[in-house]
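Letters are used for the chains, namely A, B, C, D, E and F, taken in the order the chains are written, and counting of residues starts over at 1 for each.
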Amino acid sequence: MAVVIRRDQRVDSKVIESLGGFGVATAHEAQGRIGLMASYMRPIYSGASIAGSAVTVSLPPADNWMIHVAVEQCRDGDVLVVAPTSPCDCGYFGDLLATSLRARGVRGLIIEAGVRDVRTLTEMRFPVWSRHVSAQGTVKATLGDVNLPLACAGAVVDPGDVILADDDGVCVVRQRDAAQVLKACEAREAKEAAVRKRLAAGELGLDVYQMREALAAKGLAYRDSED
Amino acid sequence: MAVVIRRDQRVDSKVIESLGGFGVATAHEAQGRIGLMASYMRPIYSGASIAGSAVTVSLPPADNWMIHVAVEQCRDGDVLVVAPTSPCDCGYFGDLLATSLRARGVRGLIIEAGVRDVRTLTEMRFPVWSRHVSAQGTVKATLGDVNLPLACAGAVVDPGDVILADDDGVCVVRQRDAAQVLKACEAREAKEAAVRKRLAAGELGLDVYQMREALAAKGLAYRDSED
Amino acid sequence: MAVVIRRDQRVDSKVIESLGGFGVATAHEAQGRIGLMASYMRPIYSGASIAGSAVTVSLPPADNWMIHVAVEQCRDGDVLVVAPTSPCDCGYFGDLLATSLRARGVRGLIIEAGVRDVRTLTEMRFPVWSRHVSAQGTVKATLGDVNLPLACAGAVVDPGDVILADDDGVCVVRQRDAAQVLKACEAREAKEAAVRKRLAAGELGLDVYQMREALAAKGLAYRDSED
Amino acid sequence: MAVVIRRDQRVDSKVIESLGGFGVATAHEAQGRIGLMASYMRPIYSGASIAGSAVTVSLPPADNWMIHVAVEQCRDGDVLVVAPTSPCDCGYFGDLLATSLRARGVRGLIIEAGVRDVRTLTEMRFPVWSRHVSAQGTVKATLGDVNLPLACAGAVVDPGDVILADDDGVCVVRQRDAAQVLKACEAREAKEAAVRKRLAAGELGLDVYQMREALAAKGLAYRDSED
Amino acid sequence: MAVVIRRDQRVDSKVIESLGGFGVATAHEAQGRIGLMASYMRPIYSGASIAGSAVTVSLPPADNWMIHVAVEQCRDGDVLVVAPTSPCDCGYFGDLLATSLRARGVRGLIIEAGVRDVRTLTEMRFPVWSRHVSAQGTVKATLGDVNLPLACAGAVVDPGDVILADDDGVCVVRQRDAAQVLKACEAREAKEAAVRKRLAAGELGLDVYQMREALAAKGLAYRDSED
Amino acid sequence: MAVVIRRDQRVDSKVIESLGGFGVATAHEAQGRIGLMASYMRPIYSGASIAGSAVTVSLPPADNWMIHVAVEQCRDGDVLVVAPTSPCDCGYFGDLLATSLRARGVRGLIIEAGVRDVRTLTEMRFPVWSRHVSAQGTVKATLGDVNLPLACAGAVVDPGDVILADDDGVCVVRQRDAAQVLKACEAREAKEAAVRKRLAAGELGLDVYQMREALAAKGLAYRDSED
């Protein structure tokens, strides 16, 4: 029942790029605190920040054959999203596959498993967010699926969804919501800039956000220490 | 029953600063191998080293309201110590709260939960030791306590205890023991400097520490390999 | 029944050095995907890469006495491999022991437990692969064994086995297999260089590795998206 | 953007019941080794085995409000599937909610979080597969979604998918595949019965499955021990 | 600096017993969702339910000497609460210590570490809530503290606090709050009984708790499926 | 390089049986607190207790082919010990393989991976100690080794070593040490019986083991509470 879905549709690349400029924390908040992958998904090096259109790969534990199949479905601006059907820390991906993806313009890899050759990948500046780093090799024996909906690190990913990834983790923005989330990001950031300035000047969040009344209504009490 | 305790008392800032100079490993040993937080508490960037007076915050899972309350209780030289009442990897803290704490002279954050905006925090050089990095947002709906005794990452923290944190982790020195632990640190470091010199010169620890007799008494045997 | 085995035999240092040049991922693949330690064994700083002859230490939880004993058994080019008899995250090893090992020419430490003084170790460029970083001190009360076969992080290590460690993890090459694995590494790397060039030029792995026929035989189907 | 989708459609109850008769391991194999939830999903008591139609609930960490909303969408033969938007071990569910679900004919609960009142649930024989057992209470402050596609314990669940759960874990059969998977289960079980009889009589799997030739072709060698 | 504090004071045994009747989940809720130990604290057999006055033991990793010291401080109705100063899964406690505690009327053991002889403990019906089950033995070499405040499994425990433990986990009720929490338990249970009856009769929680208006105010939308 | 070693030699079955009578905790202590597998190795049902001669299997992640090969090497009184070359929670083993092993007189299975069909295995009373329970299927594509030394759950196992397993976990007794460990078990149990009687009569361990002097020498202080 293994299948590869060929897809042409992508979210407008300007929308994707603009979402990338806001980053994971802002986009996640702007879309109502959904779509975040689990916090065990960590970048192999600090400072990378990407945005792209998801190509999804579901594959068996300890078998990376379908990544080779998926490369052909990738194009400029895509992000490869890979999850095994059961937990596995094997090193599914290394510098050869990164070379191949880079040649196709792929922005990076999200994999709920292991990755290897991390020093070379770092030197190439090919960013990867993974659950594990491991040299353990994989086989090429069993099929899986490319471009079907996927559960990766606790998030549902549909092919074509926008993937954002930076030092805070990985966030999925649904294809149909991308334009609206972008607007919400802009609104949020405008508001935060004003708040940041007031906090830096020494105002308290209690006052900036006008929390004192609500806290008192909930019954918060203040007492002096007897020390 | 939520309460905020206002506290003026702090350990002498010179004692705190001196303890900070010795670092976590030395202070932990000097006070009898107690007071260390769990090893999953890691710095968001390498090389930071702080010492300060604890302001404690106990709050519900996925709700960071009380951090805003606690900011007001912080003053120059403090360290904020935060623990949820049940395990939670949400990103309770980001660059806005860091801006606010910095404006009050706070040295850093210890949080047994998640933190976000880690790239900005790193650029600000605002140090955080946390259990997780996660963009997952929190709500502001339920009260907790500020400046009550707290269990954070396996250690009891009383408000006003001295918090030391560096690349080796986080250590709590009880307020009443601070001066005495400082003396023990000085004694330990003096002794270690002499040992380091002898070891660097090629002497064996077996001889420097005079262990051979005790090992033999326990029955340690030596045999040549038959390879 | 505690024992220290004195061993003279080492694998030819040129073979060890050459294996080190290939690194963990290549050697692991070259010897048939065996001998890799668990992926939780991580370097305390990035970029280190070592190869050496194993001196093994089995010791009790929270007791590092036998590391002091083992130092005497180490010589230039060795790697110390330490595992407790039950899981323990204590900081068994710090800058004093590193100073001592360095004086004997030891290349690095592999420890399925905790390490401390990581900032100093990093400044010394003394590389350590460990499961934990922790300042928690250990006692010197109970014996263990030096240079007996050991299970460390999921791998069997015999004294004298070749240990390779880099940013991808830690791999054990059996003493008797070292020369043969070296040859297999050379063959593998030659093959990979040619493939890398083709992939960088935009050829697909599907074609380079001639996978299309086998995938079709397994029943892989292609469909266009209905989006 | 929170939404509750009202759904009438269910897979034919006879198909669901028959699938339940085969159990998780058989159905999972019969559909090509996909659809299994993570192995940390464990039953609160042994021996329960259920099959039903999924009603899905996505909700925030530490907030169970949407479970109350979801109850109304359940009917006889359903299974409630709940996952928080970030990892949480709180006790979202206890004997009161179980009483309510039982009154509506619900077969059981699948929750990638915590459950409490497990002794009462066990006495009621209301089966739950959960990641945690915890008394930690939750709030009712923030909305989520009912009957949208969901990632639960590593599996994508669409509302109306068939959920199988027993002592081996939890498996999802896609609504559209249910009838076909049922046939594959029947075929598999017939084949296994014959094999079981031969193995019980002492025949080796090597012979029953005719593996010897393939093993030899791969290069498997046999040697006598030198012990 | 190791110390044993001798304590006579206990909470009224009738209050303790009554709290025990309500169990962990109810008491935890009644006192405002605080005081719960981490969900990894599990009973070694199902169905046990205890309440008692805490005797606390802080001890080193892999060393159970102080448990022997603590036994003398226990009396009828107590619960022993043990936590190591760093994480350890060793089997600190077995049937001999249980025999000794039983002879003194101790109700059970709470230990954030390992326990062994679990089959014998189960036959004795001596209840233990632990983080691990392990036969790994411990030494008797290093001191710790008895009856000082303790962090056990994420909760602060003061000596004399009331410990409740059942199949839902372990909860700490502060000594000074015990009488008040008991009243809150009674109020909560009365309310729940009425609700349970209505839910069992098929009323929805949405109506029983009058949630519909608040949900609508938050913006919850209902839509029919297009399936 | 995959190989199957054929072995005839077993430890005297009376010695094995007698060791089994003492159980894991006693044997582990009697041989100096070594040889215990990690505490995550748990029985699929309570109350089983086995002893037997190890047949070892090293195999790839997600591939159980070599278990079929190993069955042929098993005989009456053996215990199968299985570990993957990298961590894997797949269900390598189910009721068909158990049927086959039972037909050969095998006492049980130790597997550092997953097992499935646990309900049927429980009904058959075929005992398994595993790291996971999972229905996830495995492939039969890659070779491994039978009867080579193995690292399983942190312990080195040589083929022919004696495996003990009960509710406290799994312990390995080296083939060459079996007779001596048996004697040590007998001595230990005799001593413990006397102690148990004294403790049950209310004597304190402090007195039975004569610990008071050593504790005082270490500096243990007693103080009365100021409560």
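Methods note: a contact is a pair of C-beta atoms (placed from the backbone, for glycine too) under 8 Å apart; a residue touches a chain by one contact, two chains touch by 3 or more.
Here the structure is a predicted model, which means the values were calculated and not measured.
Between chain C and chain F, the least number of touching-chain steps is 1. Looking at chain C and chain E, the chains in contact with each of them are B, F. Look at the CA centroids: the one farthest from the centroid of chain E belongs to C.
Two chain pairs, D-E and B-E, are compared here, and D-E has more C-beta pairs in contact (counted per touch definition above).
Per-chain CA centroids place chain A at a distance of 39 Å from chain E. If you average the CA atoms of chain A and of chain B, the two centres end up 30 Å from each other. Chain C has residues 2, 33, 36, 39, 60, 85-87, 89, 134, 136, 142 in contact with two or more other chains. Under the stated contact rule, the graph of chain-to-chain touches falls outside the line, ring, star and complete shapes. Listed by chain label, the pairs that touch are A-B, A-C, A-D, A-F, B-C, B-D, B-E, C-E, C-F, D-E, D-F, E-F.
Contact residues of chain C toward chain E in the complex are 60-63, 85-90, 134, 136, 139, 141-142. Note for the complex: chain C touches chain F at residues 1-2, 31-34, 36, 38-39, 58, 60, 83, 85-87, 149-152, 154-156.
Against chain B, in their complex, chain C makes its touches with residues 2-9, 65, 68-69, 71-72, 89, 91, 94-97, 99-100, 102-104, 114, 116-119, 122, 132-137, 140, 142-143, 147, 159-160. Against chain D, the residues of chain E that register as touching in their complex are 24-25, 28-29, 33, 36, 39, 42, 46-47, 49, 166-169, 171, 192, 195-196, 199-202, 204-206, 209, 211, 215, 218-225, 227.
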